[in-house]
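Here come two complexes built around subunit A, the first alongside subunit B, the second alongside subunit C.
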Partner chain A sequence: MNIGTRKILDRSFTAVGIGSIVVMAIALMIVVVPIITNGIGAVFFTGTVEHRKMLFSEFKRGDSENLSSEVASSNRYRAKVYGMLTGFEAELETMAPEKKAEYQAKYSEVRAALQALLGPLPGDPEPMLTRFKYGQTRWEKAEEKLHDLLYESKWDNSNPEVMAKEYFVSRAIGFQGTSLVKLFPYVKDNFEEILLPEFTFYWGFITDSSVDSHFFGGIWPEIQGTFFLAIGAMLFAFPLGVVAAVYFTEYARPGFLNSMLRSANSTLAGVPSIVFGMFGLAFFINTLKVSESKSVIAGALTLAIMILPTIIRAAEEAILAVPKTYREASLSLGSTKWNTIATVILPAALPGIITGGIISLGRAAGETAPIIFTAAVSVGSAIGLADVLTSPTPALSWNIYNLASEHEAAAQIRHVQYGMVLALVSIVLMLNLSAIVLRARISKKLKG
Partner chain B sequence: MIKKISLFVVLLVVSLSVTASAAVGALVLDGSTTVGPIAKTFAAYFTKKYGVRVTVSESGSGNGAKSLINGSCTIATMSRAMKAAEIAAARQKGVNPVASVVALDGLAMVVHPANPVRSLTKAQISGIYRGTITNWREVGGPNARIVVLQRESNSGTEESFKELVIGKGVQITGSAETQSSNGSVKSRVNSTLPAIGFLGHGFVDGSVKVIAVNGVFPTVATVKNGSYPVSRPLYFYTNGQPAGLVKQFVDLPNSAEGKRMITELGFINR
Partner chain C sequence: MDARESSGSAPVKKATRDMYLPPERRTIADGGDAHISAREFSIYYGEFEAVKRVSADILSKYVTAIIGPSGCGKSTFLRAINRMNDLIPSCHTTGALLFDGQDVYGKFTDEVLLRKKVGMVFQKPNPFPKSIFDNIAYGPRLHGVNDKKKLMEIVERSLKKAAIWDEVCDRLDKNALGLSGGQQQRICVARTLAVEPEVLLLDEPTSALDPKATAKIEDLIQELRGSYTIMIVTHNMQQASRVSDATMFFYEGVLVEQASTAQLFTNPKDPMTEDYITGRFS
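This part shows the complex of A and B:
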């Protein structure tokens, strides 16, 4: 091959390499940017006076004097809205029956839209569900609800051959000639005075428990559950994994049994996580009965089995990477085999072992399938350390799935779901970063 | 370093086992995603009122039954009655399943709001799900292939639907898409113009359009008086006659507060 062709090949290979890195970076941006921007919206957002009311009565947080003056000023504007409602109700009574029935239907839609926006109206019974006790707590949601109040969505069926198209009709037109027609421009013009939007930093999203299945409040039980499960899994898997790796590298004699064990370990690493989930249910809960029903301990054991092969592999590699001269030096000084392993080989291999461990910790934190049947519940309060043996827990990975698909009002609480995703991604990222830092520090210490 | 770490591990294990104590009368609910909203709301109410921890999992009616049989839940929430085979399996394990009705639920047939079809007969729905009707044009709609949504085999809603609409033992068309929860049926219908699916009444909102079955819309009145043809009761199953805390929980639907919670969630009181 002449030099010219070689150069071209060389350059094109470099170009392909750079290209693939760029593609990967773009893919990462596409995934990460929406997670971060949407996730941050769960903590930083424009909150309305309803949010502050909710915080005060559900979590006893906020300045009561400030709040009552805000509520008073918002109520001054709301009172006019409510006045228009009572005025129209009186007007309804004077109408002819068929006209009254026609307006009644439209009026109940207006009332429903107002309830969604402002919370219960005067004369409504106090709702049992917390989600109906307050109006819109977030400004961007409130603007959507305002649109629902001002416009009615209709579907154009004029062409029976195709699906209908959506169009909006102003509700005000439907009330032309009645007193209620003034309500729509009034709410629109005084919208800020009614809801008092204000930039809000809701740190409670991280530390609060959820209220009324995630409609309000935060995700602390989920975060805590994730930590319990991941750390619990490490408590079992890490010591076992290191011991197994020491056996494989130092004690095992090559032979049939050894190669069986090794291939079993490799196979275990490739088993899909849902299989571990089913195994955990069948073995830990139904057979061993480590707990009566789902529990943190059953979930942690299942996760431990799942991450065990990775830890064994990482520890094995780390131990094998220790220079042979270390071992020889130690043995030549008259040290025993066990002593060599404990004082020379393991400390030298520690950075690698710990890196493997922490990366598996991140995996354990993010897995959903193994905990569906063994540990995760969709609603439950934060549990104490004393309850890990008996109680199941909510966990970020499972609750993200639950909110995305099973929750009855998934579309209304998307921000909570994004917040959970960001929290989970940050936890895994933090664990991986700490692995890097720890590794650097330990190897520095060993060198110095 | 090794010593430090192993000491830490030992300490943690010891502290875990020392602090571990029996939980005080916790209730464990498992089962239907349809009953999920009621179960979750009751759980929050119960915890607030009596200070008893209640956990809720939504893994499907079939799983609820299995959990009750295995003794891994105190109350199984189910959107269908237990089958004879499940009851037999329970008896064999010494579990005596006792049902109590929580609420009534009309299975709403839902389509995309853009779909002009307003009403279908039971026979038409059955035809759609058996695969004999494949285009909306055949039932008075636009020319579009029907995207049929069903639920997974574990779902009580699926079984109720089969029993009430297409008949037991009849195969649903192989081209039907399977969704794993009420919520995912709803979002699939909302994002797919020619889709049809079925939802528990409490899951219906403005993102989908409910169509009438045999000319009757599912409302509180029509479900209660039985004129809506696709309705069914929702159950709490317990092992043996409920007593103590379990009884208090199972009796919630009979209390005034329980009734109001059920109504606000969009379900229908018995």
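This part shows the complex of A and C:
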């Protein structure tokens, strides 16, 4: 080949390589940056006095003196709002019936918006659900609710050719000529005094249980559940996988049965995870009855079956990569086959085996489908180690899906979803990093 | 063509003490008994007969060199003695191979015990990825020595026998893979000596080493002569003539000639041997 063409080929190949790495890096940024920026918002955010009230009464956390002075200061401004409401209610009574009915409807919308913003109004009955006991705890949400209070959303569908368009009408216009018209500018102008926004570092997001299906509180039960499931799966799959790999590489005689087993193992690695979920339900719960219904142990077993092929494959590769000379040296010293495997082959293969194991651990932590039917519940408190045989557990992967798609107020708690995603990604990343570090350390020890 | 026919009826070359002993060595050891004997011994890889009906005696406490061109079966023969060929599934043997009068391939032979008595050093230095101490102590630990003090004694003695103690005595806890190739090979010799074998099989032990390291290994073989029955496969005829008492010449799986080294190199009986040692083919 001409030297010129060769150089051009070399350069273009380098360029293609660099290009693909850049594309990958960009794709990674596009995925990871929103996860991090949004997820951080679950821990660092601008919290209102409602958040501090909630923390104090739900988690007994915070300075009570400070809080009561804050509440007092907030209530001074709120009292005026409440005063306007009672004033308007008295005014309503004096109106003509048809006019009263018209204002009554508008007024109840205003009340609802105020309840969402500030929590229960004076005279309201004690709400049943915790989520209604407090106003907006987060400043950015409070601003959204303020907008709801100030403006009424309407839909313009005058032109049937195009899609209806949303537009906003100021509520103040609707109350023109009544005493309530002053309420809107008052709330808007004194918004900060009413809610007292403050930069908040809510570390409890990691360590708290959730309150009222994730409206408040943290994600500790999910984190713990994820660890239980992933580590439980490893406890079953890792020893089994390594033993199977040793059998395949050291003991199995080549033949029909062996090749069948190997291809079965490869096939297993490609089975969709939802199938493992159904299998886990049918086999571990319905047939073997490892537990009455969903439980951590059933989920861990199902995950173990799912990651087993990967572990076997990685361990096989690692064992086969051990130089033949080690085996010869050990045997020539009068070592038995088993002793050679235990004292020479497996230690030398350890970095590869561990890498495969930890990658599988990351996968077990992140999989959703296998635990839907076998282990996961959407809401629950952290379970003790003694309960893993009988209790189901919340888990990050499943709860992310659940909060995003099945939660009755998914839009209200986006920050929790993002926080969970960030937690899951961090856990998996941490596991992979520890795999890299561990591998490097063992390799270094082996290489001397 | 049937290989067996080509080799004809190779006469059984019965070793005698006279045949082996060059006059200047008559004083060493009281050996002379056949430590390892092959009778009509063949090794097959599947259908292929790699070693063809070899009959020979290897005398106790002497250094026997095996020479021959590549692929002539000399390594296969050597590895048959401690049954390392068992690792190759298709490998099987016919005839008899006796070690200390016992059939190496007998039904009741414990190959683990055999390998303890017949140590081997390989072509490429292959220390374990462990510390120098653990490398040497590997064998003794396998065979039940766990006392730290006793192990230390064995390690020191083995390293001294392998003439590497001075070079490594201050870094026994360092990984053996950090040593040079020649040092690694002597570590391998020391590791083999630590299990106190009777026979040392050296499979081209210097082919991966530079001349200086090779000289050290050869010196080492001289040191060990008389204490162990040593068999060394080598491509280097100078090496064979330098270190060995007796030499076997293999060609295409057949043992062509076996004689004392002095005789084989100065006065070969077989014309093929003469062609080989004079470099007419290789």
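Just so we're on the same page, the second predicted complex is superposed on the first by the 444 of 448 C-alpha atoms of A that agree within 3 Å, B and C clash if a C-alpha of one lies under 4 Å from a C-alpha of the other, contacts with A are read in each partner's own complex, and residues count from 1 in each chain.
Note that a contact is a pair of C-beta atoms (placed from the backbone, for glycine too) under 8 Å apart; a residue touches a chain by one contact, two chains touch by 3 or more.
Everything quoted here is computed from the prediction, not taken from an experiment.
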Fit-or-clash call for subunit B and subunit C when the two complexes are aligned on subunit A: fit
Partner chain in contact with A:P392 - subunit B first, subunit C second, else both or neither: first
Touched partner set for A:Y326, first subunit B, second subunit C, both or neither: second
Which of subunit B and subunit C A:L235 touches, first, second, both or neither: first
Comparison of subunit B and subunit C by subunit A residues contacted: B
Which superposed partner A:N286 touches (first subunit B, second subunit C, both, neither): first
First (subunit B), second (subunit C), both or neither touched by A:T336: second
Partner chain(s) touched by A:E98 [first = subunit B, second = subunit C, both, neither]: neither
Minimum C-alpha spacing, chains overlaid - subunit B and subunit C, in Å: 13
Doubly contacted residues of subunit A, that is, touched by subunit B and again by subunit C: 347
Residues of subunit A that touch subunit B when the two form their complex: 127-129, 132, 153, 155, 157, 159-166, 211-213, 235, 238-239, 285-286, 292-294, 342, 346-347, 350, 372-373, 376-381, 383-392, 402, 404-411, 442
Subunit C partner contacts - residues on subunit A that touch it in the complex: 253-254, 323-336, 339, 343-344, 347-348, 445-448
Of all residues in subunit B, those that touch subunit A in their complex: 1-2, 6, 9, 12-13, 15-16, 19-23, 26, 28, 30, 33, 36-37, 40-41, 43-45, 47, 53-59, 67, 70-73, 112-116, 141-144, 180-184, 186-187, 193-194, 202-203, 205-207, 257, 260-261, 264-265
Subunit A partner contacts - residues on subunit C that touch it in the complex: 82, 84, 87, 89, 112-113, 115-116, 119-120, 122, 124, 126-130, 138-139, 142-143, 174-178, 188, 191-192, 195
